[in-house]
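Everything on this sheet refers to the single structure shown next.
Letters A, B and C mark the chains as written, and numbering starts fresh at 1 in each.
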Amino acid sequence: MSGAAPLLRATGIEKRFGALVAASEIEISIAAGERVSLIGSNGAGKTTLVNMITGYLKPDAGSIALAGRDITALHPRAIARLGVARSFQVPQLYPALSVLENMLVAIACRGERLSFWQAARRADALHGADALLERFGLAEHRERRVAELPGGVRKLLDVAMALTGQPQLLLLDEPTSGVSAEEKFPMMDIIMTALGAVPMTVLFVEHDMDIVSRYADRVIAFASGRIIADAAPALALASDDVRRHVTGAPGPG
Amino acid sequence: MNLAFTIAIDALSYASWLFIVALGLTLVFGVLKILNIAHGSFYALGAYAAASFVAWFAAWKFAPGWSLVAMLLAAVVVAALVAPVTERGLLRFFYGRDEVLLVLVTYAMFLILEDATKLIWGTNPYYVSAPYSLFGNVEIGPQVYVGYDFVLVGIAVIVGAAVWWGLNRTRRGKIVLAVIHSEEVAASMGVDVSRVYMAAFTVGIFLAALGGAFTAPMISVQPGVSVGVIIVSFAVVIIGGLGSIEGAAVGALIVGLARSLAVHLAPVAELFSIYIVMALVLMVRPEGLFQQTQARKI
Amino acid sequence: MAVSPPAGPTRSTSVIGGVALTAALLVAGAFLPKWLTFLVTMAAARGLVSLGIVLMMRGGVVSFGQGLVFAIGAYAAALAFKRFGWSDAVGLVFVGGVMAMLVAAPFAPLLSRYRGIFFAMLTLALSMVAFGVLVKTESLGGSDGFNMGRPTVFGQALGDAHVGYVLYAVTIIVAGALALGARAYFDSTRGLVSLAVRENELRVEYLGGSVRRAMAINFVLAAFAGGAGGALTVMSLGHIDPNFSYWTTSGEFVFVAILAGSQSVFAVFVASTVLEVVRSFSSLYFPNTWQLSLGLFLLFVIRFLPRGIGSLWVDRAPWRRSGGGR
């Protein structure tokens, strides 16, 4: 640890939906450059946390800070513009547009003020889009309409779009879900390699423990809205709590 | 006091007319999820058919009282002939598509039916005067009303009660309600949704044609009759809530009252009063007064 | 690193094409019979109104009340002429466009929250409110409306022999300029984000783009186009009445927009011309079946050409063909 301020700091987060405890006493501190995996069974609180970081849910109590700046009450778009990017479990793309156009939209939204005049396809935007497409191995699909693409390609595009504008913090929601077993590792390789080009702080929600142990520096495990483990993968995955609530018995913790 | 009474009577009379017309529109939307611009065209067909049937009954030397039967028959015939052709022959190819797209399809239907009516009946106006004098005149206070004007009130009550009873008290009606509420669930429980569609659409057309048929004696039946009806019935249905029967009744009363107030107190507002209410409802509570559906994206 | 030629026609291609077409029409207009130049004038002016609808369609909503801005633009221009003596044709176009924008702007934030049927119904309701108000406003001629005299161009009055062609030329030039502007907007970052909004609003928001702002801007720009089209129409028609705001008028603009599709600006004017041609010939030869033809035509387009006639050339163009590499 360099001793520098954490990139993301969540303190005392509480969130309830009626009787359901979605988050309780959540304390997280993530340094820049860390690769952290969030694990837990469905309903354990991982997605709730992601939604609170991106601003779509406001915690009942507690605060969230990005690079020292309190973002708890900020509008989701403002948080996005501060450099928080998210990819989705079900890829959120623009089906009727081409892969390139999808990237151009992302670049435009993340860039300077949108223009009534400046072409979306101007040279610097195209270079930026093409560079990312190369890194993700999507260059061959450049002109294809997204609706026609296979699932694995769509997931990669979803992540590539999140990377536009050089975000500070990348949230990947189940990046390998819905992808066949043989494709999971290659996909994660592509993603992590693409990320490796710049130091990037990544939080990824994952259910596949092999992926977790291979790609995460650190694991935070959730159960019933609480954190039950926060350590390196080897330690966290071996803990009794995690075995009981997450990896061991099936069903919600 | 007299003015208030006059306003109330006018409001009730206009509201009855609105209710009969709008009920069919809201029913079709509730079941098929189609906002039917051509609804007014079916109204016009009913009016024209009534003109023809009344004339035939007169030519066959039926007593004037039978003209009421003629008008009812006209509505039935229009529904029986037009509904299956339209639903099976056209609409069903677009089910499940975007709701605005369906509105455009019904707009095309409206255009087609406008000319179809002209081709069948010509462009000269028809006057269905015989039935209008059937009920004599009614004196209420200083005002003299034509008895026929209250026929619509009676029909509105009968139709409203019939539809309510049919939907809530019969087995078939409850199936229709189930489809209105959730088509997917109903289908998964074995309901033949396409038959429900057909039935609902036919009833909807029948109600529109009925409105047209019984209004025919009060107006001159000519091209363009549909145009005003369409827009006013949209207003009622939006105000009351798309797909809601109670909403159609309340919406009709509100619009009837708004227009009556305008006509008697502020004639300058007569035309836009209805659309102001429609716009206000859309701005404040877009799903209408009786709906649960989400209309706005925050 | 892949060096990729830009897909689609370049900006300069569009500009050159647009200018060339405008010039060709201007030249041709000098030799065409008066009824034809009038028809094209109406097609171009009304095409602008439909262009506004297409702008909003690219964001995913269909307005059934474009007659509102059409009427406001026309009434504004006619009133500026009649009451204030402003007579310059191009100036009146601006009056129409700006007034329509000013009236529409307060509604933009509200309307930016609506979609689908409710957006259609609210725009419809607003246009019918305007209709109701206009019909009852005696000082504006009530349901009869009023006539408008001849505008001037560059300070010159227009004689009988020239007025048709001059107004045609003004309309073609203004429409051409706005069409090029629309094309630039479609190709701009805002234009692309509009398309994205239509496809997936959620993702746009997560990327930091504002969906509501995009929709509101589309609405206001569409109002300007509609108002400008209204001003151009009233100048050539010489008459304005509340029917400009009636729902059936709005319906015709929607018809043209659907026929054209939302990808090609040129297609909008082609579609508008088709409507004007059908309208003119019908009143002569088949007055009782032209709406029938329009209706059948619309059904055909909805069923078989859902992306409009513009898709006939935009989708087939080489840079649009999907599949395989490049």
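In the analysis below, contacts are C-beta pairs under 8 Å (C-beta built on N, C-alpha and C of every residue); 3 or more make two chains touch, one makes a residue touch a chain.
None of these values were measured; they are calculated from a predicted model.
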Margin query: With centres defined by CA atoms only, which chain is the most remote from subunit A?
Written below: B
Note to self: Comparing chain centres built from Cα atoms against the global Cα centre, which chain wins on proximity?
What the structure shows: C
Next item on the list: State, to the nearest whole Å, the distance from the C-alpha centre of subunit A to the C-alpha centre of subunit C.
Entry: 43
Item checked: Chain centre separation (subunit A, subunit B; CA means) in Å -> 53
Notebook entry, point to check: Rounded to the nearest whole Å, what is the centre-to-centre distance of subunit B and subunit C, using the mean of the C-alpha atoms as each centre?
Noted result: 33
Item checked: subunit C contact footprint on subunit B (complex, rising order) -> 35, 90, 93-94, 98-101, 103-105, 107-112, 114-116, 118-119, 123, 227, 230-231, 234-235, 238, 242, 267-276, 278-279, 282-283, 286, 295-298
Item checked: Residues on subunit A engaged by subunit C in the complex (per definition of touch) -> 54, 76-77, 80-81, 85-86, 88, 92-98, 100-102, 104-106, 108-111, 114-121, 125-127, 130-131, 133-134, 139-140, 142-145, 148, 161, 164-165
Check: Of all residues in subunit C, which touch subunit A in the complex?
Finding: 1-2, 4, 6-8, 11, 184-185, 187-193, 195-196, 198-200, 202-210, 319, 321-323, 325-326
Item checked: subunit B-touching residues of subunit C, taken from the complex the two chains share -> 62, 64, 110, 113-118, 120-122, 124-126, 128-133, 135-136, 201, 247-248, 251, 254-255, 258, 288-292, 294-296, 298-299, 302-303
